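The same subunit A turns up in both complexes below, where it pairs with subunit B and then with subunit C.
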Partner chain A sequence: MDYLSSNKILIVDLETGQISEDDLDDELVGRKIGGVGITSSLYQTHKDKEPIVLGTGLLTGTMFPASALGVVSAKSPRTGNLAHAPFTLKAGMELKYTGFDYVVILGRSPKPVFLWLHDGVADIQDASDLWGADVWATTDSIRRAMGDDLIQTLAIGPAGESGSDLAQVCINYWASGDCWGFGKLFGEKNLKAVALRGMGLLEISEPEDFVDQCFDVFDKIKGGAFAGRRGIEDILSEMGEKDASEWLAPFIHRHSACYNTPYSTNTFVYLNEDSKTLTEPVEPEPGFLINDPCALLAFKRAGFSAQNACRVLKACSKYGIDPAAVAELCEKSGQKDTEKIEQSFSDLKGPVAIPDGGKFSSWSPAQPLFSDFGVSDRSAYLAWWTRRQAVAYLFGIHPIFVNMSPELSEELMIEMFNKGTGLELSQESLDTVIDDVCS
Partner chain B sequence: MRIDVDALKCIGCMACEMACGYHRDDAFALLSSCIVVYRAREKKDYFGVVIKEEESLTIARPEGLEIKRIGVAEEPDPAGQKKEADASAKPMLLREPCDLCNGMKYGPMCVKICPVDAISLVEEGE
Partner chain C sequence: MCAAKWSKRGFRGDREHSSRTGIARPNNVETNFYHAYASINQKLAQGGKIRYGEDEASVLPRAPRPLRIPRIGLYTGSGTSHSWLWFVELFDRMLFHDIVFLNEDMVKDGALKNLDVFAMSGGDTIRIAEGLDTKGAAELEAFIRKGGLYVASCAGAYLPLKSSKQYLDRFNFVDIKIANLSKTRPEIKRLASKATTAYGCDYVYHAVREDVLLRLTGRSPFTGVSTFLAPLYGGPSMITDNTSEVLAYYAGFTDKTQFLVNESLAQKTLIGRVAAAKTGMGDGNLYLFGPHFEHPHFPMANHLVATAIFWDMKKDRENREISEDEIILEGAAKDKLVRDIKREISNARIVSVGLEAVPIQWSIGCKIYEPEKIRVFLEAIWKRIDNLERLRRIRLQNKADEQLVDCACKVKRILRELKARIDDCLETQDIASDLFDSLRRLTMGFLQIYFNSFRCNI
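Up next, the complex of A and B:
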């Protein structure tokens, strides 16, 4: 694969320590496109060794709007089936530039390790000192040890180490779209984290046409339906919580976006500092980045104050536990004491609702946002959402943003794929792959 | 003319950085960009933008703009904190200065791509 790709599939056997590489064949891309099309295929190939497969789409890390997606595919401890969790912020982009398009992690390491992927090199590093650390300390330690504060991590905390079905693989310090218990799989493999840093370069088959088209789409999106909206609070408002902005407002510091994503899906709240502070705060951990709208919504609907909801979200990400599941269990138990909730993490168990939609994460709200996409009947939302997510997970597009931008049509993504790679993907082939990954 | 950044509008998406990288390399890469989102103080949510220009570094911080002349010795930071030296793996001073995307039909690509209009082209001295 010459374009929009590093042309490498990495295979890491944690049990033996062996690392090997395969080429990413045009033939495989022609059949499976990329993203979850290929992670699913690699999962099936290595199924007997309980694989965790990381991957990106061919548009990930490009100038195409919202090309922020990386994906983890594995058998969910919560469903027993193959499922896919998105990772965004800057981590999807960073994986793309490490020099590996896909990473297949097999077996169980005899001791705690982390996988360090950088500049086309893969190292299995000892993580004995990190075992027992929370997610924040883990990311801090890895960045300090490698001397690079821009390393992105997919890391677990105590929840993953102790085998909780609710354990989440977190991104750096924050939540992720892992609602499948993949943190438990990391723990079972003695895999504390995957650390990502890349300075690669992606060639483009028709660069000028590709970039022209990116600018055209950006121009259309800028005047789109979400113009003037921002942050996670406006997403909650769109989901029916009309007072979400007012509720969260006293704590909002700034809004930020995932890589190349035109809408700021993330809201940072200051809990230990004046939220209006503009200068760099002295307090090293003044707050929390909220990037999971469904979890925040669940805490709000369970009657939490904004401050307490944010405190629990922060505690969840340190412990490495799915905040949406914690919110659901809190609502059932009626528990609202933040300290007691935090103390209960080690014993927290289901039953927790299995996400709708089969294989894609319920982290992305199952409804159109800011635009109706022509889907006015709520009963049709799930089918619409499932297909929309499949497309996002195949090409590498942000799974929440894809629900708010009808400009990012399937036809456009096919066109960009073809301009970027020089291959010829058709709508018929896309339909076949979507059916395949959704079945 | 020069590039101006309103750091408070910036959402840290890095679209500008990738567009600049494309201008330099005719491919997608970040190492050659002369505009960089500094984002190393992630837990503090303290981020902004640095631009390498011919004779200066423009640092757009949330609290305001600072222009540092290249070659002038820096005063030590009394708080002992790192500032923008941690912006990226390749030091800003080793990068090519901004040429306003000279030769590109789009004009300055960072201005064109910014989704929140945080970046603009202004007259020198503005």
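Up next, the complex of A and C:
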């Protein structure tokens, strides 16, 4: 692949320490497009070696709106089937710029390691000192050791190390869309983290047209249905919790968006300081970034105060455990004491509900947001959502934002894909790949 | 004298002046200078015969002599700043690939004997003179007297001027005076740390920085154009006597010129003074440029550097034998070396980018270094790694591969320690000095392999 791609598939065998690279063929892109189309294909190719496959879409990291998605594909410990977890914030973009389009991680390392991907170089680094550390300390240590605060991490905490089915692969310090227990797979491989940093460049087949159209689409989208809305509280409100804004308001410090995403799907709350302060925080850990609307909603519906819900979410991220699963178990047990919940993490076990929609993460609300997309019948939501998620996961689009913006149509994504890559993807081919990844 | 002013759109106040003077603006014609010199060097490297001014060499003045590839030594020893990398850029773009990177010890050990040209850019002149010392000065003098060409800008131009100051007094090769010298420190308008330097009991002051307009005198070989731009970063304004030929005068300022002293003093110091001079010494010549003619954003000035090199390079040099100590790496060994270099440079580059957001600077010698300078060295390597990777073979001195990777590891380690110390609000001055010295060695080592390897892949 000459365009929108580093043209590299990295294969890392943690057992032997062997690292190799394959080219990303145009032919494979023609058949599978990218994102989960190709991670699924690579998963099948290496199935015998229990692969974890990381990947991005061809639009990831470009100027196309909401092109923030990276994806982890692997066999879920919770379902026993291939599933896909999105990672956003700046991590999807950063993976793209490390110089690898896809990363296949095989085998089990004899000792704890982290994988350091940078500028087309992959290094397996010793993580013995990090083993036992929580997610926050792990990210801090990696950033300090490597000397850069912009390094993005996909890291596990004690939950992953101890083999919990609820373990989550977290992004930097925060939650991710991993509702599949992929944190456990990292732990089983003795893989503490994948650290990402790259300063590469992407070539575009028709650069002027591509960039101009990205700006046009951006302008169009910003005046769309979600104009004037922001943060996680307005998403919750749209999901039926009309008092969500009032509930969360006292703690909201700021909102932030994932890479190049026109809506701020993340909200930073201050728990240990006055949320209205505009100066640098005094406390080393003033608060928490909420980026999982479904988990927050679950805690709210379970009767938690906003402050306690946020405290548990923060504890989940440090421990590396799926907050939506914790919320579900708390609701079942009636436990609302945040300290007791935190103390129970090491023994917390399911069952928890298996997400609807087959292979895509329930982190993205299973409904249209701020716009009806012409889907008025609630019974049709799941089929609509599944297709919408498949498209997002194939091209590299933020899976929550894709539910907000009808402007990001399949036709537009095909057009931009073709302009960016110089290939000729058709709607028929896209339909075939969607059927394939959803089956 | 009234100084003309050049803006992005042309001269300010006198648009006709630009057409009258025939000023060369950055355009495709100028960019084609690189292509023209690259063609000459490529043809010569392939064994072709070309004469000055004929066919592919029409960019040069006509002369009934055959051209040959110059062997150029570039000084990268102690006291140099990062500006020697601008010469590297020029040489690389024009395919001057027979380049030897020299530090003070190599000069003192006689390495100039094998060269046609010795180039020196900017830095701390006194530290350069101190490093080269009496032995280095003697070697340089002998090199020029035996027909060698010394091409220098900024600090390299100050070096051979008459001086009674310690260390500099060993390099009294040229009877040219410094015009930007004062008994008292002038009033400084901005950038105080870059505006003056103590010079014995006097002060060298730098009236302006950035682009200045220069007017050529038309003396051979600098013909065919009247005025052009070049950047001034502390280089001399000169007063010559009849032993030197004036090649160019300072003629004006531009919208980009930064005045470090008041404008009238700047005019008095620069306008009408000598910006470029040529002096003969024995069988050889010195080309001294106040501004950085080698700066990569100034194609016309770059063209003049290349012209000077071809025109006055040493006339009779014996071909150098390939050292027995040199080895060729191919296949997996070559790939491993490239990968190892890439790994360490990437690691270092990642830290250095983050440091650029930190408001810090270091004083090393009489120069100020900011974090941005770190990446100037690293990018000079990074942008060439892929080219090196594409070459079938890499030629290097025995053990140079290990030394290079060790040096790259050291740079990475220092950078990470520097970042950690900054995060912990600890002192960094001591390791910053070590860092820039290591960066210089690393870049020099890499580029030597890079240029050597091009020659073994022709």
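Here, the second predicted complex is superposed on the first by the 439 of 439 C-alpha atoms of A that agree within 3 Å, B and C clash if a C-alpha of one lies under 4 Å from a C-alpha of the other, contacts with A are read in each partner's own complex, and residues count from 1 in each chain.
Keep in mind that, in the parts below, a residue touches a chain if its C-beta (ideal position, glycine included) is under 8 Å from a C-beta of that chain, and two chains touch if they have at least 3 such contacts.
These numbers were taken from a predicted model, which means no experiment stands behind them.
Novice: Please work out whether A:Phe268 is in contact with subunit B alone, subunit C alone, both, or neither, and reply first, second, both or neither.
Specialist: A:Phe268: touches subunit B, not subunit C.
Novice: Taking the superposition as given, does A:Lys222 touch the first partner, subunit B, the second, subunit C, both, or neither?
Specialist: A:Lys222: touches subunit B, not subunit C.
Novice: Quick one: classify A:Met199 as touching subunit B (first), subunit C (second), both or neither.
Specialist: both
Novice: In the superposed arrangement, which partner chain does A:Val121 touch: subunit B (first), subunit C (second), both, or neither?
Specialist: Only subunit C is touched by A:Val121; subunit B is not.
Novice: State whether A:Ala145 touches subunit B only (first), subunit C only (second), both chains, or neither.
Specialist: A:Ala145 contacts subunit C only, not subunit B.
Novice: Look at the residues of subunit A and decide whether subunit B or subunit C touches more of them.
Specialist: B
Novice: With the touch criterion stated at the top, can you tell me which subunit A residues are shared between the subunit B interface and the subunit C interface?
Specialist: 148-150, 197, 199
Novice: Quick one: which bits of subunit B touch subunit A in the complex? Just the residue numbers, please.
Specialist: On the subunit B side, the touching residues are 8, 11-15, 18-19, 22, 25-31, 39-47, 62-63, 79, 81, 86, 88-90, 106, 112-113, 115-116.
Novice: Would you tell me which residues of subunit C are touching subunit A in their complex?
Specialist: Per the touch definition, subunit C meets subunit A at residues 339, 342-343, 346-347, 349-351, 353-354, 415-416, 418-420, 423.
Novice: Which positions of subunit A touch subunit B when the two form their complex?
Specialist: Of all residues in subunit A, those touching subunit B are 4, 61-63, 65, 90, 93, 97, 136, 148-150, 172-173, 197, 199-204, 207, 211, 214-215, 218, 221-222, 230, 253-264, 268, 270, 278-287, 289.
Novice: Which residues of subunit A touch subunit C in the complex?
Specialist: The touching residues are 118-121, 123, 144-151, 197, 199.
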